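Next come the structures, one after another.
Both complexes below contain chain A, partnered by chain B and then by chain C.
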Partner chain A sequence: MAIRNPPVDAVMIGFGWTGAIMAQELTDAGLNVLAIERGDWRDTPTDFSPAYAQDELRYYWRHELFQRLNHDTLTIRNNAGQTALPMRQLGSFLLGSGVGGAGVHWNGQVWRFLPSDLKARSHNLQRYGKAAVPDDMTIQDFGVSYDDLEPWYDKFEYLCGVSGKAGNLKGAIQAGGDPFEGPRSREYPNPPLEMPYALTLFGQAATSLGRHPFPHPAANASRAYTNPLGVTLGPCTYCGFCEKYACGDYSKASAQTTILPVLMRKKSFTLRTNCEVLKINMSADGKTATGVTYLDEKGQEVEQPAEMVFLSAYILHNVRLLLLSGIGKPYDPNTGEGIVGKNYAYQITSSVNVFFNDKILNPFVGAGALGMITNDFNGDNFDHAGLGFIGGGYVGILQTGARPIETHATPDGVPTWGLAWKKAIARDYLKTTTIATHGAVMAHRGNYLDLDPTYKDVYGRPLLRMTFDYTDNEHRMSDYLTDRAAEYGKAMGGREIKTNYRKGSWDVVPYQTTHNTGGAIMGDNPRDSFTNKYLQSWDVPNLFVLGATAFPQNPGYNPTGTVAALAYHAADAIKRQYLKAPHQPMVQA
Partner chain B sequence: MSPARRALPLVGLVGLAAILVARPLPSGAQPPPGATVTPGALQTAPATPEDPQVAQGRYLAVVGDCEGCHDRPGGTPYAGGLPLRTPFGTIYSANLTQDRETGIGAWTADDFWNAMHKGVRRDGAKLYPAFPYPYFTHITRAESDALYAYFRTIAPVSYRPPANKLPFPLNLRFMVGFWNALYFKVDDHPSTGPSPGRHIVEGLGHCGACHTPKTFLGGDKNDHALEGGQLDNWAAPAINSDVRRGLGSWSSAEIAEYLKTGRNARANASASMADVVRYSTSLMNDADLAAIGDDLRGRPSHAGPVNTSLKPDPKLMARGEAIYVDECATCHAVDGKAQPGLFPPLPGAGVTQSTDPTTVIRFILSGTQTVATNARPTPFAMPSFGWKLTDDEVAAVATYVRNSWGNVAPAVGPSEVGKLRGKVGKPIQKPSARV
Partner chain C sequence: MSPFPVDRRTLLGAGALAFAVPLTGAAAQFRGDGVFWSPNTSSYPTAVDLKANYQFFTSDEAAFVEAAALRMIPADPTGPSALEAGVPLFLDRQLAGDYGKGTRLYMRGPFGKGTDTQGYQAKWPPAGFHRAAIKAIGDHLGQGGGAPFHKRAEADQDAFLKDLSGGKVDLGSDVDGKAYFKLLLQNVMEGYFSDPIYGGNRNLAAWKMIGFSGARYDQRPYVLAYNKPYPLPPVGIGGRPAWTAKG
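== the complex of A and B ==
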C-alpha cells in the first residue's frame, strides 16, 4: 500500500535551475511548494570546496557530478533504421544529477536568443521563401516573442550577476557589445571579465576582418555581487574549472549560489532529495494531473498529491516522464502525428586550433564563459541567400581553462602518441588557443524521442530512446562557420592552424555540448505543440513543462538564459492569471 | 548537518562543554541522504497581538539565547535534553516547557527568579553553572517576570532529560556551593541602567561565558573580562578595546552589523558564534546591538602590549607564504585583504592575531562556515585543509598569516597543530571522491 502524503500546492519534479526559480517565485506568491530531487543534496560550503574542486580526474573523467548511467540512461541511434543501444558512458553530453542539476557543472554562458530565433519558421519563410524550409524540417515559431521574454532575461541576468557589455540598449547600439543582440532594457549587472591574451588577439583579428567581437556574457562574476534576493556571489578567480566542475568560490551562478540560500529558509518550501518520481498521476478523465508517485530514499512508493505539477528535470527526463505517464500523444515520425518526443534537437560544434611560436597565452587561466565572441554568423545575422542552409552560430574563443588531461591540441602531422606527441605538447601547450563554433540544429522529421522497446532502467521502466542525426542543413552551416573560424585563425597570425570540421553522423562519444532540446515543445496551438507560451500543457492545464524541453528547435546560442527566462515568464503568468482561475488554460486553444 | 557547537563553563572544571544545537538547518549544512529538508524556522511574530509582558519575555529569551541550549536535535523547542559534554561528564539542559512534572509548569515567578538570580532550583538544590546564573543574576526582577510570563506560554511537553553523567564528587550538587563561594556573587541591585550595553553583555547576553578567560576551576577571571577565552578547542577572541587582538579598530556600528547580519567588512561569524548570531543577536533590535557595540569598545584590555620585535624564522615564513599563495589566496587574496563581507580580511584581524592560535589552526584544519542570516543569507565557508596539509605545513601557514601585512602574533609550532588535530571532528566537506 503506497504511502500518501498531505497535498501541496505545487510539486517540482527535479530541482535544478528551473525548479529553484519556479519554487522561489511560487513561494513568494504564498504557495506551499515541494521539490523532489532524485539525486543528492549538495551545496557550495559542504561539497564544492576550492581545496579540491579543481580535480580533473575526479570530476570530469570520473564523472562525479554527473548522472549515474547504471541507474538510468537512454538508448541512442542515428536513424529509425538502426537498433538503438544504451549509452553506457557519458560523452557527447554530460547529464547532471543532484540538487542544482546540470546547472552546477555548466559554464555560465548566458545568452538571449535573437528575436528572429524565436520566429524561426515564419521569419525564414518570409525572408528566404518556401524552399528555405524543406518539408522535413519541422521548425516552428516559439509562440513567444523576444519582447515578451526581455524582462525575464533581464531578471535572470541580474539574479546571476552576469558579467558582460550590452550591445543594444533600448535600440541604441553600444560600442564594445554585441550589435546583433535584441534590445536590452539595461546594462549587464557586472562589467565583463578581464580578457586574457588569446582573447585580445582574437578580438583584434576579428575587428581587422570587419567583424564585431565582444566579451562573452558570463555568469562567472567579475566582481563581488549581491543579487536582488540578497544572495552574494564572490569574484571569479579564473581558476579554469567551471566547465564540468562545481565552483568552490561562489563565483559561478547556480541555484546554490543565487537562490537556495533564500529559498531553503522558507517554511513554505520543502525539498526531498534521493527521491525519484516514477510517474505523474492523472485524473480518470485525463484532464488533470493529481500529483506524482515517487520512490522515497528507502525505496518506498509514496503518492504525493499536488494542485500543480511542474516537470523541472532535464529535458530527456521530462519527456520520458510524460511518455511513462501516458500524457499526450507520442510522436510518430512516419505519420508526423503526435507531439510528445517531437522536434528533439541538439547543437553542432567545430573548432580551429591556432598555434603560435612566440606568444605565451597561459591557457590555464580560464572561466566557463571567459570568451571573445562574434555573432556575425549567428541566427539570421547574415544573408543566407545561396548558402543552402538556415541558422548559424557564434564563432569565438572560450578560454575555459586548459585542464591538463583534457587539453593537448597538436598540429596536423603530429602523431597521436609517443615521443613526438609529447614534444609537440610541451612545445605548444602554452602557445595554443582554440576558436570554437557553436551552431544551431533545426528540427527534423526524423529526429525524435520515444520509449525504447527493449532496454529498461533499474525499476523496470523503459529507457528513453533518442533518434538523432545531423542533416545537410547542419553540416553546411557548420562547415560555413568553421571556414569563418579558420579565417579568424589565420588573421590571428599564428604559426599554423588546424581546422576540425564536424563530419559525418552525430557521434555519442566525444564531448560536444549538453544542449539537448525539444520533445514537449511550446507553440501557439495545440496541434503543433505540447504547451502554450506559458509552458502550460494544452491538454492538462495544471501541468507545466519547464526547460529546453519547450524549444521547437535549437538556435545557435547556449540555452540556459532562455530556459530561465521562459520559467520566469511562466511564473509571472501563473501568479497573475492562473492562480486566479486554477485549472484553466491561460491561452485559449 | 554540521556540528554546531557551543560551550559553557561546568562546575569546578574548565568549561569544555560542547553542546550540539539542532535547528534551524542553515543552507549549507548537509542533510543526510534522503532527508526531508525542512527549511529553517524563521522567527516570526505571532499573528495576534501579544501581551506586552509576554512579548518582552520573548525578546529577552532571544537576548539570552535560551533556545541555543534548551533545544535538542529532533526535540520540541525548549524541551531541553541537549547534552553539554565535557571531559568530566555530561550535563543535560532542562525542560523549560510548561509540563508540571518534567518542565517548569509548577514553578512560580519567585521560583523562576531564584533560578535566574541565585542559581537555585525550585526544590532548593543548586543549579550547575552550565546554566549561566553568574551572568543572569544581573537581570532585573521585571525582566525575570517577563521571561517567566513568556515561558508560561510554552506548551507543555512531557520529557525528562537524561540524568547528568558526572563522577563523584561533582554529582553532589552541594559541591556547587563551594564553587559559588569562589566565583559567584548575587547582584543585590540589578539594574538596566546606566549602561544598557553592559547590562546585556554582563547579564542575559552572557558574553563572558566564552570570551572571558577562566581559572583552573572554571570561574571567570574577572580582572581579565572579555579578553578572550578557550572553549571546546576554540579560542574565543578578545572582544574589548585591544586594537590588535580585540575590537579596538571596529566602530560600534561595525560591531552591531556583525551581530545583526553575521558579518561585516572585518569578520564573519562562524563556529560557536554562528549559533549566537543565528538564535540571538540577529534577532535583537538595533538599539540593543548598538549599545553592545558601545560597551565592548569601551572595555579595557589588560593583556599587555604585543612584542612586535619578535620575528618568526624567515624560512618558516617563506614556507608559509608558498602554502598561502597556493591554498589561501583564492579567497583571501595574496595581500590578505580578501573580499570584505564575503571572505574575511586577515590584516588586523583579532582572531588571526589572538595570542592563543587555536582558532586559526582549527579553521585551517577543519574549515568553518559563516552563519546565514536573513540579512546575509549566503553561507560562505572556508574549506578544510586538514586532509592535505601536514602539521608542519599548517604551522607554517598559520605563522605566516599571523605575522604578515602588519600582523604580529607568536609563531605556531607543529606540535600545537598535532594536538588539536587529534581533538577536532571531521571536516564539513568530503575531500574523498564518491565511490
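== the complex of A and C ==
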C-alpha cells in the first residue's frame, strides 16, 4: 500500500531553475507548495567549497555534479533506421541532478530570443516564401510574442544580476551593446565583466570587418549585487572553473545564490530531496492531474495529491514523465500525428582556433559567460536569400577558463599525441584562443523523443529514446557561421587558424551544449502543441510543463533566459487568472 | 538547530538502492528553516598514495600502459613525459576505484556495436575494458611469436598506435580497438593534466610546461594584464611542492 500524504496546492517535479522560480512565485501568491527533488540537497559552503572546487578531473571528467546514468539514462540514434543504444557515459550534454539542477553548473549565458525567433514559421514564410520552409521542417511560432515576454526577461536578468550592456533601450540603439536585440525596458543590472586580451582582440577584428561586437550578457556578477529578493551575490573572481563546475564564490546565479535564501525560509514551502517522482496521477476521465507518486528516500512509494502539478524536471525528464504517465498522444514520425515527443531539437556548434606567436592570452583566466560576441549572423539578422537555409547563431569568443584536460588545441597538421603534440601544446597553450559558433536547430519531422522498446532504468521502466540528427539546413547554416568565424580569426592577425566545421551526424561523445529542446511544445492551438502560451496543458488544465520542453524549435541563443521568462509569464497568468478559476484553461482552444 | 537529522552523505545514490536498502528513518524534508547547512560534511578528495605499488594493473598490463603512455607523451626537454608525470600510477588508481568500476555509467545490456556517434558501448566499465583490450593487444602482437608492445622499437610502437587509432587493428569481435585507443589517450591526458592529488602531473610539471595557473580562485588582478606573463607558479588543491618540507 502506498503511503498517502496530505494534499498540497502545487507540486514541483524537480527543483532546478524552473522549480525554484515557480515555487517562489506561487508561495508569494499564498499557495502551499511542495518541491520534490530526486537528488541531494546542495549548498555553497558545503558542496561547492572553494577549497577544492577547481578540480577538473573530479567535476568535469568524473561527473560528480551530474546525473548518475547507472540510475537512468536515455537511448540515442541518429535516425529511425538505426537501433538506439544507451548513452552509457555523459558527453554531448550534461544532465543535472540535485537541488539547483543543471543551473548549478551552467555558464550563466543569459540571452533573450529575437522577436522574429518567436515567430519562426510565419516570419520566414513571409520574408522568404514557402520554399524556405520545406514540408519536413516542422517549425512553428511559439504563440507568445517578444513584447509578452519582455517584462519577464527583465525580471530574470534582475534576479540573476546579469552583467551586460544594453544594445536597444526602448527602440534606441545603444553604442557598445547588441544592436540586433529586441527593445529592452531598461539597462542590465550590472556593467559588463572586464574583457581580457583575446576578447579585446576579437572585438577589434570584428569591428574592422564591419560587425557589431559587444560583451556577452553574463550571470557572473561583475560587482557585488543585491537582487530584488534581497539576496546578495559577490563579485566574480574569473576563476575559470565555472561551467561544468559549481561556483564557490556566490557569484554565478543559480537557485542557491538568488532564490533559496528567501524561499527556504517560507513556512508555505516544503522541499523533499532524494525523492524521485515516478509518475503523474490522473483522474479517471483523464482531464485532471490528481498529484504524483514518488519514491521516498527509503524506497517507499508515496502518493502526493496536489491541486496543480508542475513538470520542472528538465526537458528530457519532463517528456519521459509525460510518456510514462500516459498523458497526451505520443508523436508518430510516420504519420506526423501525436504531440508528445514532437519537435525535439538541439544546438549546432563549431569553432575556429586562433594561434598567436607573440601574444600571451592567459586563457585560464575566465568565467562561464565572459565573452565578446557578434549577432550579425544570428536568427534573421541577415538576409538569407539564396543561402539555402534559415536561422543562424552567434559567433564570438567565450573565455571560460582553459582547463587543460579539456582545452589543448593544436594547429592543423599536428597529431593529437606524441612528441610533436607535446612541443606544440607547450608552445601554444597560453597563446591560443577559440572562436565559437552557436547555431539554431530547426524542428524536423524525423527528430523526436519516445520510449525505448528495449532498455530500462534501475526500476525496470523504459528509458527515453532520442532520435536526432542535423539536417541540411543545420549543416549549411553552421558551415556559413564557421566561415564567418574563420574570417574573424584571420582578421585577428595570429600565426595561423584552424577551422573545425561540424561535420556528419550528431555525435554523443564530445560536449556540445546542454540545450535540448521540445517534446511538449507550446503554441496557439491544441492540434499543434501540448501547452498554451502559459505552459498549461490544453487537455489537462491543472498540469503545467516548464522548461525548454516548450520550444517548438531551438533558436541560436542559449535557452535559460527564455525558459525563465516563460516560467514567470506563466506564474503571472496563474496568479491573475488561473487562481480565480482553477482547473480552467486560460486560453480557449 | 536543524530539525533534519539526515546524514546527507549516506543518501548519495539513495535512488539506485532504493528498493534494496532502507537508508534512514528520517525524511529528507526541509521546511521554513532557511538554507540548511551541515558543517564538517564537505567531501574533500583523497590524495593517492604515491609510494604504494600498482593496485589494479598486473605486471604485463603495467608494462603495456607504461610503454604506450610514453609514446603518447614522450620524454624530451620540453617538459615531463607521461612516465615522469606519473600517468600509469594515476591510471592504476583510477581503474581500481569508482571510475574503473563504472559506478556512474549505464552498464545494462544488451550490448551492441554502435555507430561512432553512439559513444561508449563497451560491455565492460573502463577497468574491464582496459584489461580486455590490453590482453587482446598482447594476443594480437604475440601471434606467430611477435614481441610484446613494450619490447618493440619506438617507431614500431608508434606505427601500431596509429593503426589502432585508425581502426586498422582487428582485436576480435569484443574489443573495438579504435574505441580503446580513444579511452587510453583520454586517460593519459587526464593523468598528465589533472590535479596532482590524483597521482599524475607530478610536481605540477605538466602545468608548468604549458603555463596553466592551477587551482587558483581569484584571477581578478590578471584579467586586464594584456600580454603579460602570469606571475605566480601553479598550485594544486593540496598546495605545491615548495610548501612541503623535504625529508
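Things worth noting here:
Everything that follows uses one rule, which is that the second predicted complex is superposed on the first by the 589 of 589 C-alpha atoms of A that agree within 3 Å, B and C clash if a C-alpha of one lies under 4 Å from a C-alpha of the other, contacts with A are read in each partner's own complex, and residues count from 1 in each chain.
Heads up, the rule we're going with is that contacts are C-beta pairs under 8 Å (C-beta built on N, C-alpha and C of every residue); 3 or more make two chains touch, one makes a residue touch a chain.
Only a predicted model underlies this, so the values are computations on that prediction, with no experimental measurement involved.
Using the contact criterion defined above for the overlaid structures, shared-chain residue A:A51 touches chain B and also reaches chain C.
Chain A has more of its residues touched by C than by the other of chain B and chain C. After overlaying the two complexes on the shared chain, residue contacts for A:Y250 are found with chain B alone; chain C is out of touch.
Contact with chain C, but none with chain B, is seen for A:K359 once the two complexes are overlaid on the shared chain.
Contact with chain C, but none with chain B, is seen for A:T454 once the two complexes are overlaid on the shared chain. When both complexes are overlaid on chain A, the residue A:G230 reaches chain B alone and has no touch with chain C.
By the document's definition of touching, both partners, chain B and chain C, reach A:F269. Residue contacts after overlaying the shared chain place A:D380 against neither chain B nor chain C. Put simply, chain A uses residues 40-41, 43, 45-47, 49-52, 55, 58, 62, 235, 237, 239, 248-249, 260-261, 264-267, 269-275, 296-298 to touch chain B in one complex and chain C in the other. Looking at the complex, you find that chain A touches chain C at residues 38, 40-41, 43, 45-47, 49-58, 61-63, 68-73, 76-78, 82-83, 85-89, 91, 194-197, 200, 235, 237-240, 248-249, 256, 260-261, 264-267, 269-276, 295-299, 359-360, 362, 364-366, 402, 404-405, 408, 416-419, 421-423, 425-426, 429-430, 454-456, 458-459, 504-509.
Interface residues of chain A facing chain B in the complex, by the touch rule stated above, are 40-47, 49-52, 55, 58, 62, 64, 224, 229-235, 237, 239, 248-250, 257, 260-267, 269-275, 296-298.
Contact residues of chain B toward chain A in the complex are 2, 24-25, 27-31, 33-42, 327, 330-331, 339, 341-343, 367, 369, 372, 374-381, 383-385, 388, 428-431, 433-434.
Put simply, chain C touches chain A in their complex at residues 6, 8, 11-25, 27-39, 41-42, 44-45, 71-74, 76, 78-79, 98-99, 102-108, 110, 112, 114-121, 158, 161, 185, 188-190, 193-195, 198, 206-207, 209-220, 222-230, 237.
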